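The two complexes that follow have chain A in common; it is paired with chain B in the first and with chain C in the second.
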Partner chain A sequence: MKLAYEKPVINKLRSGLMNKFGWSPAYARKVRTNIDGVSIDDLVERYGSPLFVYSERTARQRYRQMYNAFSTRYPNVQFGWSYKTNYLQAVCALMHQEGAIAEVVSAMEYDKARALGMPGDQIIFNGPHKPYAALEKAVSEGAVINIDHLDEIVDLETIAKKLGRTVHVGMRLNLDAGIYPQWSRFGFNLESGQALDAVKRMASGGKLKLNGLHCHIGTFIMDPQAYAREVEKMVKFGYEIEDAFGFGMEYLDIGGGFPSQSRLKGVYLPPEVAIPNIDEYAETITTALSHALKPGDFPKLIIESGRALIDEAGYLVTTVVATKRLVDGTRAYVADAGVNLLFTAFWYKFNVELDREAGGVNETSVIYGPLCMNIDAIDEGIQLPPLKRGARLIFSPVGAYNNTQWLQFIEYRPNVVLVTTNGEVEVIREAEDLSDIQRRERLPKHLELLKKA
Partner chain B sequence: MKDLSHAVFRSYAEVFFLQGGLVGAALFGITLLNPRLGIAGIIAVLSAYAFARFIGLGKVFLESGFYTCNPLLVGLSIGHLFQLTPLAVFFCIAAGVLTLLVTVTLANVFSVYFRLPLLSLPFVVVSSLAYMASLRYGNLLTAGSHSPAYLNDDFGLPAWLAGFFKSFGSLLFTPSVVVGGALAALILIRSRILFLLAALGYAVGTTVRYGMLGSPAKAFSDPLNFNFLLIAMALGGVFLIPSIRSYGIAAIAVALSTIVMDAIAGFWSYYGIPAFTLPFAVVTLGVVYVLGLVGNPLVAQRIGKTPEETLETHLANRLRYPGTERTLLPPFAGKWTVWQGFDGGWTHKGAWRYAYDFVLTGDDGKTHTNDGTKVEDYLCFNKPVLAPVRGRIAHLVDDLPDSPINQPDKLNNWGNLVVIADPRGFCVELSHFACKSLRVKVGDWVERGTVLGLCGNSGYSPQPHIHVQAQVLETPGVATVPFSFVSYLADGVFHANDLPQEKQIIEPLYANKRLDAATNFVLDEEYRYSVRRAGRDYDELKLKVRMGLDGTFYFDSGRATLAFGRHEGTYYSYRYEGRDPRLLAMFLALPRLPLGLRDGIQWHDHVPVGAVARGLRGALVGVASSFWPKLAEVRVTQTCTGENRLDTVIESTALRLRKTGSVVFDRNKGIAALTFDGWELRRKDEAN
Partner chain C sequence: MRTLSQLALSDEGFVFDPNTGDSFQVSATGLFLLQALKDGRGDDEAAQLLTEKYEVTLEEARRDCADFRSRLRNLNLA
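Now for the complex of A and B:
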């Protein structure tokens, strides 16, 4: 076969020695030929490219690993599956099967959980925007409500009055756990006394019964001690209001924010080194809890993890549709999926794997997405061997936030499949076509184009 | 007046091992068939009752009829012997009062020293005294045999059958077919088991004596035959759990009693006194005492109103409460696997057989990751060990090293350990903690669930695990005693108080605070429910919380009671008594409730068969289940269907019965709504 002509470029010669992580920049490749035994070729052939692939086995393993880490250290643990992380029905159902209840932050997510068959009392309703109608429905169905602001107290009191009974509620706190940034926009601030004022307000209203505290200190928290500080402050505050107002704390919801094994942009160390093991979080949190709680008191510890449970179970299989040399000599590839499907590309440096061995010396390369937009670059500096058009790149972990934040922008959204525990492949979301995109649109009569014969 | 009539009539029922005012009233009626007798009897009871109140014996003691049944018998015996002259009435009163004194005295002696019931011993004592004394009292006019003619009619029955009824009659000093027949009918209505036992006793006793005496007439007509009836009823159905074995014991005791009876009768007759019920008392007490000494499981712990009730309560309770009173919460959080249980294959043997070992296993069933050569590879290593009981730390060891895998430390068997002294009177030892991991010190008070230290591999331990045992002393390593675990899930099924099997994966279930508060029913609280039956409005049910004499709390509907309580993380409906289908529906829909309710968990319970099989069917099942206990097995399966809801299914394969119900709890207190088998109850007072 005749090779295509390519303009010569000068590449910096690397020694080929391993660096301290055992990684040879010149020849190292990451190759993944299959996901849980189903070959990439097979998957693409049957379901097209790009393709989101979830591993049921990994998702369940991650759940059990994390749940066991907490439940073997504290006797009253409940996980709440964070819908916003990934609300594909199959994913939510899998988490519920494993024992998680639903954690939702909007009327839409609440409806989704109900539609999936979760009863109201198995749903935690959080978030700054709970429309009155949705709130009323949630209260009457017995959902756990964590109040975000004073106006919500007023709404809930109105609902309590209408239903003619006291309503059990939890409240969200924000506090200084010694990390930056401090998420102060949600809930009531603890240190300034705002939270205590809110409790006073509830007590004087007489319609609401506070029975739980909620807090979520941030996301991708890499310091377990931050949770220890959070837990200590929450328990202390819980006992303060129990003594002052008689509100017994039935649960402590410490939110989520646990990191997955992803590499954040700008972090030098690989995730296996930089990110503490989940057991370290569990150990730190439960030790802090057992020191802070009164003997014999075991309120329910609710954990609303999302990312740490599902991120590693998701892969995105893409195909190189074009290869290029940029003007500075850098090799560039255009893949059939970009930031439209990988929202997390803005802060993650993904693990990129090839679907087969490829010869040649690694070169610093750029991977662009298919959008006709300058921002659509998935990786702007990755060591890859020379790839041909049609080569496949597998991005991971992509299970968290991508299938909820992906854009219907320029391209159709592709198939999402699940490789089940027994190795079968199930489509859990079909690829879109034009009808999905236009179904809600209405074209006014006077704008209809004359049909050409 | 009502109290008085209750107490009086109950003394009549008590004579025949029955309880209840109505039966007593009927029996009173029967004694009046021979008016002289009936009047003398009631005089003795009333005088004993009045004297008892006079000396300050409380109403509640007298209510059962226990203290006044012996005076009744004495009165009857006097009425049997003398004409009712004013003098005889005085004699009756005096004897009644004397019997009460003897009863109170003997009751104390017997219960304290022998832990035995009294039976009719006071009657035998006082009646014998009265008869002996009366030999000197010429002014007391002996009654002739001029009783009403209908009392002497045998209605052409064969001798053995007439003899059977007459021995019933002899129980009331009227050896007559009419009286005996009425009595037999009454007993048959109240309890088929008692009636069958009476027949058994009569058959065995008379057959043996027929053989010995050689004369059927003597054997069938002996006025002392009623002793056979009493022995058989008392042993076969009252003091022992009705069963084939108890019937066997009853038959043996009756056969033995013939010797006692003939000896006593012969001896007593020198002094002109009848043997009365002395053979019965001697034989029955002797057998009960011996069975108690050898710890025979047949001895009834709770004697019901009838043998049927004793039996169904026993059969249900045997299945309902399999655990012990030394209750431990599993000493960990999360799902652990039972590695070795009681009488285990490795080390739980001999004096140390009551112990449990727990390990953590992964999805693959292995207890470790990697190749399992280091203690750190083991899933349970360094996991917290929690206090299974509340108590004081009595003893601990903390400085032994963790043994390498498969190289246990033979010198320090128990390794690092903690002994907790439980205030209930026993100790719990936990072993094999990780080196220097203890978070308590001697003298500390720990609550259940407190972290004691971390799981390790010190001592005689091939791989990291938790060892737990109960013992009477604080010294580590002494002989163990039985215990059981409370409030745990095994394969999704909740166990309130039980022993998990080896290889079972169990997880402690901690009480949910809200449910704990919601089932904390306080004295005098009132709950009102609107009741619907088969979809139509029925009436209103009002329940009030009250406390019984034994400290048990119960719901009172006015027509029935439902005793309830909470124990170690479980709410129980202990007993339903009375007649109120609405309260019965409540009992059957919720026999028990784990206070750590969690969606999807299931649990099992059993209810007494009488609660679901009533009428003729219930009567047949009552007798039959003494031969075939499985018949009385009514299994309840309950499933939690949400934070505060559950479904109930009651099934009996033997009876081909299946009923369903559901319960919804109020978010603040009690049950909000309940359905069972066509009944619907909905809370009226507060709808939360």
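Now for the complex of A and C:
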């Protein structure tokens, strides 16, 4: 009887360079055979590779866990689903079913929310570019508008005059919450007096009524205290302008930026150690609010979380299409998906799992994607056992930003499926074909190469 | 090929190069292959031997032999 085969591996032994984690431990190999009970084999056989897979169960669990963390500590909480994080219709609809309103940052996203059936008054319109027509539509439909700059004040006053009524607006602040780098390009700066000047401008115009404050201090914020500093400053500013101008703050929108269990490149500790629990954020924020707010005053606390709600629900199943040995001896794999589908690979080091056990000694390996570009590396320096062509690698968490920032560059974008809470599989975005790429193109007659029969 | 023929191999997969003092760790199939190459077998013959002892197709064995040879060159062993 023949012996089981594993690929031949030889590695040089180096003294003096040992680390406390040892070398190529078998337990470092991670295997995922299914997603919510649906086998990876079945998924790839039915829907091809690469394949984005979303877990409805995980998405709903994450939402409920985070919402409960805040709503059990503060009486007036509203989540706004951050469309830019993932605007697949099924994902947005799922978040709306759970109770989130829509948070959009462009005219396109506004149209998407409306097309999905969200009424205007269930949409928060943020972002630095709100074209006049979109802004006018949003105002007339009752959307929550958070002003980014002075020119928007002018546009909104024009719209208010045209509609013949006062328009309720929020304003976006940027402030020092102790986060480096400080995000200062959005909204009006608090500490320099810019925000107060903008409020004066609105008050003197007489056409806008400020009823809310918005601030988004950054992304992947790993320090809950930064949010405490943010809300303290927002509340203080809110009371100052209420006293000076009579504008009462009906809502405080603290933005998003809550981290997922992804691993930022350059962070040494694993996410389960480095990332605070969502309850820590909720406790810190609501405690800061209760200290800053006047007794009996409970403005609506709006949270625009995206990544923390959907990242863990997303997986990308890929297939190794070639194995290579680089000139320096490093093992390299070419996968059928790269940074074209995993745009966030530039910032995050994903969890990589195999779909089955693989024998052999781990080697330091690189995983390249299918692009003809040197930057198309999803992981450089991962420890993997020797893999065969056809082996499958499952990347996670990938639910945030990849299906909005993915590139249509030399490859078709693949199927996206949802494993429902019942364990059924639904296609939520079909794989592209050439017609999707060329539908908007026009070929001038004199450039036609083929004579039509 | 002088280096290859001079390598000291242990049954447990420890490899010592007396020319440089470097030592290496090799997997079971790697040891089998290294022994075959050390004995002067060509890649095709070594691949054939792999298929006789292990559950592997000739195509995959040839592919892996070529890769292993390339790895040996990278480690200055061939």
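Quick notes on this structure:
In this text, the second predicted complex is superposed on the first by the 423 of 453 C-alpha atoms of A that agree within 3 Å, B and C clash if a C-alpha of one lies under 4 Å from a C-alpha of the other, contacts with A are read in each partner's own complex, and residues count from 1 in each chain.
By our rule, contacts are C-beta pairs under 8 Å (C-beta built on N, C-alpha and C of every residue); 3 or more make two chains touch, one makes a residue touch a chain.
Only a predicted model underlies this, so the values are computations on that prediction, with no experimental measurement involved.
Applying the stated contact rule after C-alpha superposition, one finds that A:Arg29 touches neither chain B nor chain C.
Of the two partner chains placed by the overlay, only chain C lies in contact with A:Leu3; chain B stays clear of it. Of the two partner chains placed by the overlay, only chain B lies in contact with A:Pro295; chain C stays clear of it.
In the superposed model, A:Gln122 lies in contact with chain B only, and not with chain C. Put chain B and chain C next to each other and count what each touches on chain A; the higher total goes to B.
After overlaying the two complexes on the shared chain, residue contacts for A:Arg325 are found with chain C alone; chain B is out of touch.
By the touch criterion defined above, A:Arg201 lies against neither chain B nor chain C after alignment on the C-alpha atoms of chain A.
According to the touch criterion, chain A has no shared surface contacted by chain B in one complex and chain C in the other.
Residues 2-13, 323, 325, 327-329, 360-361, 388 of chain A are the ones that touch chain C when the two sit in their complex.
Taken together, the chain C residues at the contact with chain A in this complex read 15, 22-30, 32-34, 50, 52-56, 60, 64-65, 67-68, 70-72, 74-75, 77. Chain contact summary for the complex, chain A toward chain B: residues 61, 64, 68, 71-77, 101, 119, 121-122, 142, 164-166, 168, 211, 248, 250, 286, 290, 295-296, 298-300. By the touch criterion given at the top, residues 332-336, 360, 363, 380, 383-384, 386, 390, 445-451, 507-508, 510, 512-514, 517, 599, 642-644, 667-668, 686-688 of chain B touch chain A in their complex.
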